[in-house]
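Take this structure, written in structure tokens, and hold onto it; I'll ask about it next.
Lettered A, B and C in written order, each chain numbered from 1.
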Amino acid sequence: MSSRIRAIAFNTFRETVRDRVLYNLVFFALLLVTMAPLFGQISIGVQRVLLVNLSLSAISIFGTVISIFVGISLVSKEIEKRTLYPVLSRPVGRGEFIVGKYFGLSGTLLVNTAAMALGFYLALFLMTRDFTRADANVLIAIYFIFLEFIIIIGLALLFSSFSTPLFSALFALSMFIAGTFAGDLRTFAEITHGPQKWLAIATSYLIPNLTSLNVITRVSHDQFIPRALVAYNTLYAMFYAAATICAALLIFSRRDLK
Amino acid sequence: MRRRATVFSACVLLICFLGSFFTLRRIERANLSNSMEDVLFISSPQFVKRASLGYSGLLADIYWMRVVQYFGRKHLRDSMEYKALAPLLDITTTLDPNLVVAYEWGSTFLDQPPPSGAGDDDAAIALIRKGIQNNPNDWHLYFTLGFIQYLGKHDYLAAAQTFEEGSRVPNAHPWLKIMAAKMLSDAGSMDTARYLWQNIYDESTDNNLKQNAALHLACLVVDQEIPQLEALVAEFRRRFGRNPASWKELAVAGALKSIPLDPLGEPYVLRSDGSVTVADEKKFPFIRISKSASSD
Amino acid sequence: MLAVEILGLEKTYAAGFWRKKQKLALRPLHLEVKQGEVFGFLGPNGAGKTTTLKLLMGLICPTVGTARILGQDWRDPAVRARIGFLPEQPYFYDHLTPIELLDYYGTLSGLSPADRKLRIPKLLERVGLAEQGRVQLRKFSKGMLQRVGIAQAVLHEPEVVFLDEPMSGLDPIGRREVRDFIQALNDEGKTVFFSTHILSDAEALCDRVAILNRGELRSVGVVAELVSQKSNRVEIVWQGKSAVPAIQSLGGSCHVAGETVRAVLDESQLQAALDALKNQRVRLISVNPMGGSLEEYFLQNLGEAVEVRS
């Protein structure tokens, strides 16, 4: 079974690479390069803050866009183009297919994020000519951003298993925005009363909680990130992503292919 | 066989979802997220406004909710510092300069000493001035500024000027003019303070502000009653050469009719050195009378 | 053991905006395919041929009914390692080359790396794509894609091969090549089940055929028997649709193309038919005795006048 999942994952990865998805790295590099002269005009203390904020925000945005837009077509494209027929007529379970697709795109984003992280550290080194302990902290922030991706990919895959690309994009984007404000939704639930309180509470647990995964501002100011948060965030992301995959599986298993 | 696979997947789904639910609760409870302190690092509220892409009104409301929750949570824990309060308010009012309640509420709680507030009168005044600048025809803001200048900074002249300015705003409440006059003549008196807080209590639509005003009024009552009680004690001391051991003694001596109760219904505490204090000082954070022994 | 047993497979779709209407794509189908035979599945477009194949491949779920392939439940994943499938107008990942595609499919079918390395070049050679092994599929013509499709269907040496309209869209040379390939598969002892609406191909290749129309199985017959039947039939071709009811009442089956009608009826009715046509003042084009053919069998078994737009 795992050899099939691996094959599907690798094929998905290969497809995204050949679809030139990784070209976004070029834009990222261009971004850093064009920002470089600007840095020269700012004081040293703020330079690092700015570099961290800019790079990590770019990593987050680029990756999220890829996760959503490639993610939503993972299943729907194969159904539309009927490339799924020769695959499913082989001894491949529908579940194996879904899981393979998921790991394929996650793998792409892992490579993408790692490459951007490398680019960032290179830029940082060129700027400060030195590595401090605080710089390792930034890696935690990047790891959290990757955890965001695995959640978003799961959601995109889920929507892709039953919806058209347009609606999938809308749903995925909405979930992403809602997830960014998940903390505020819970705040609202605390303050409000009546039926909307329960609705807010329920919703706030259904949407992905991306608030605690965003530590960009904190690492840019060298704040310490507690170990416990790293552990809990990892657990949360894994549980949530697994839940979305299960849901995608349940839906896709019952689906008649056109 | 397919049935079994479906049931299995559904169970895994439920388990994973519950897993995510409980993990999230742990994160929240341990307050590891701490995301609101992030505002301390936002150096430019203007940038936030621009980044909000035209949805600044909505974002202002979100930030306002965060302000209320931030303060509420910290206050519940009797926190002594509210570092993020001023920055949060600054961002909120930059996003929506006409959110009057943010200025009023914000500067009130910025001004008050911890744990009832941030204890930062300069930040409070800066905020309310920003509010006046953006909402020059709202008399409530002049009132709040005057009140901070009067009670917080004891700058009666400035307070008088502010109340006067405010009274000239169309539809201003008539007692702004009265307060202006009182500032010049009678600023230090407790009567003035009581008048002020009573008006805030009557006029305020925000629950927090109303409760705050009620608390201040109760403290003023205490500030009035304690010296009266201590005077009775002093009289007893003159007559019998020692401090009374209890309220009962005073009652027997004919000075009191019954055990004196504070505005919360608790008996005042008679200390051995003859000073009087409330049963629970934490419930009366604004009393002015010093807690150490009063001199004879 | 039968290669394929279809036991009452039925497919109904919920159609319409509120999904209340029921659309019957396939009435309960009962069919048997013996091992080692070439079985033709005939019918006009929309008859339900592709639906049947998709049901067998597990791509859609039947409303009722089951099937067995090589004695096992058709949904059993193990079965799918022993069958091959070529979908209608196949699409493949066009960013891959044939070698990559076959390697991928081979892995999914459970072939070992050594096996794949051995078989893929030979297979490409066999379907005539040895030169294009490393060209991306997006550059392939329809005929070349069809060949890739056949290659992937037989890569894992299945015992039963299912082909959906394998000849569609091919030029005569391509069609000939596919026919030869199917024959070769059969010579190797494989069972071939293919659907088509091109009767001459079915006549040339199949041992038995089944005819499907409007979701219903109309008949099953041995080709050799059908074709050798001496028929007492004549074929009349004329111009003038108005005469169709008259001829039909004589037991003739009519085939209308524009204004031209081609009717087949019993020899004994010939005179009556000619009289009827003369009365209707149609323009007679030809009268011919008929030999048995699959086409005739096909038309007979469709059960109604079929209008063909020319």
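Simple rule for what comes next: a contact is a pair of C-beta atoms (placed from the backbone, for glycine too) under 8 Å apart; a residue touches a chain by one contact, two chains touch by 3 or more.
Since we're looking at a predicted model, the values are computed, not measured.
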Chain nearest the overall Cα centroid: A
Per Cα centroids, the chain farthest from subunit C: B
Approximate Å spacing (C-alpha centroids) for the pair subunit B, subunit C: 84
Distance from subunit C to subunit A - Cα centre to Cα centre, in angstrom: 46
Computed distance of Cα centres, subunit B from subunit A, in Å: 42
Junction residues of subunit B, two or more chains touched: 2
Subunit A residues within the subunit B interface of the complex: 95, 181, 183-184, 186-188, 190-191, 205, 209, 211-212, 214, 217-218, 220-221, 226, 228-229, 232-233, 235-236, 239-240, 242-243, 246-247, 249-250, 253
Subunit A contact footprint on subunit C (complex, rising order): 54, 57-61, 77-78, 80-81, 83-87, 89-93, 95-96, 100, 104-105, 107-110, 149, 152-153
Contacting residues of subunit A [partner subunit C, same complex]: 3-4, 7-8, 11, 14-15, 18-19, 81-93, 254, 256-257
Of all residues in subunit B, those that touch subunit A in their complex: 2, 5-6, 9-10, 12-13, 16-17, 19-21, 23-24, 26-28, 30, 32-33, 35, 38, 41-42, 62, 65-66, 68-69
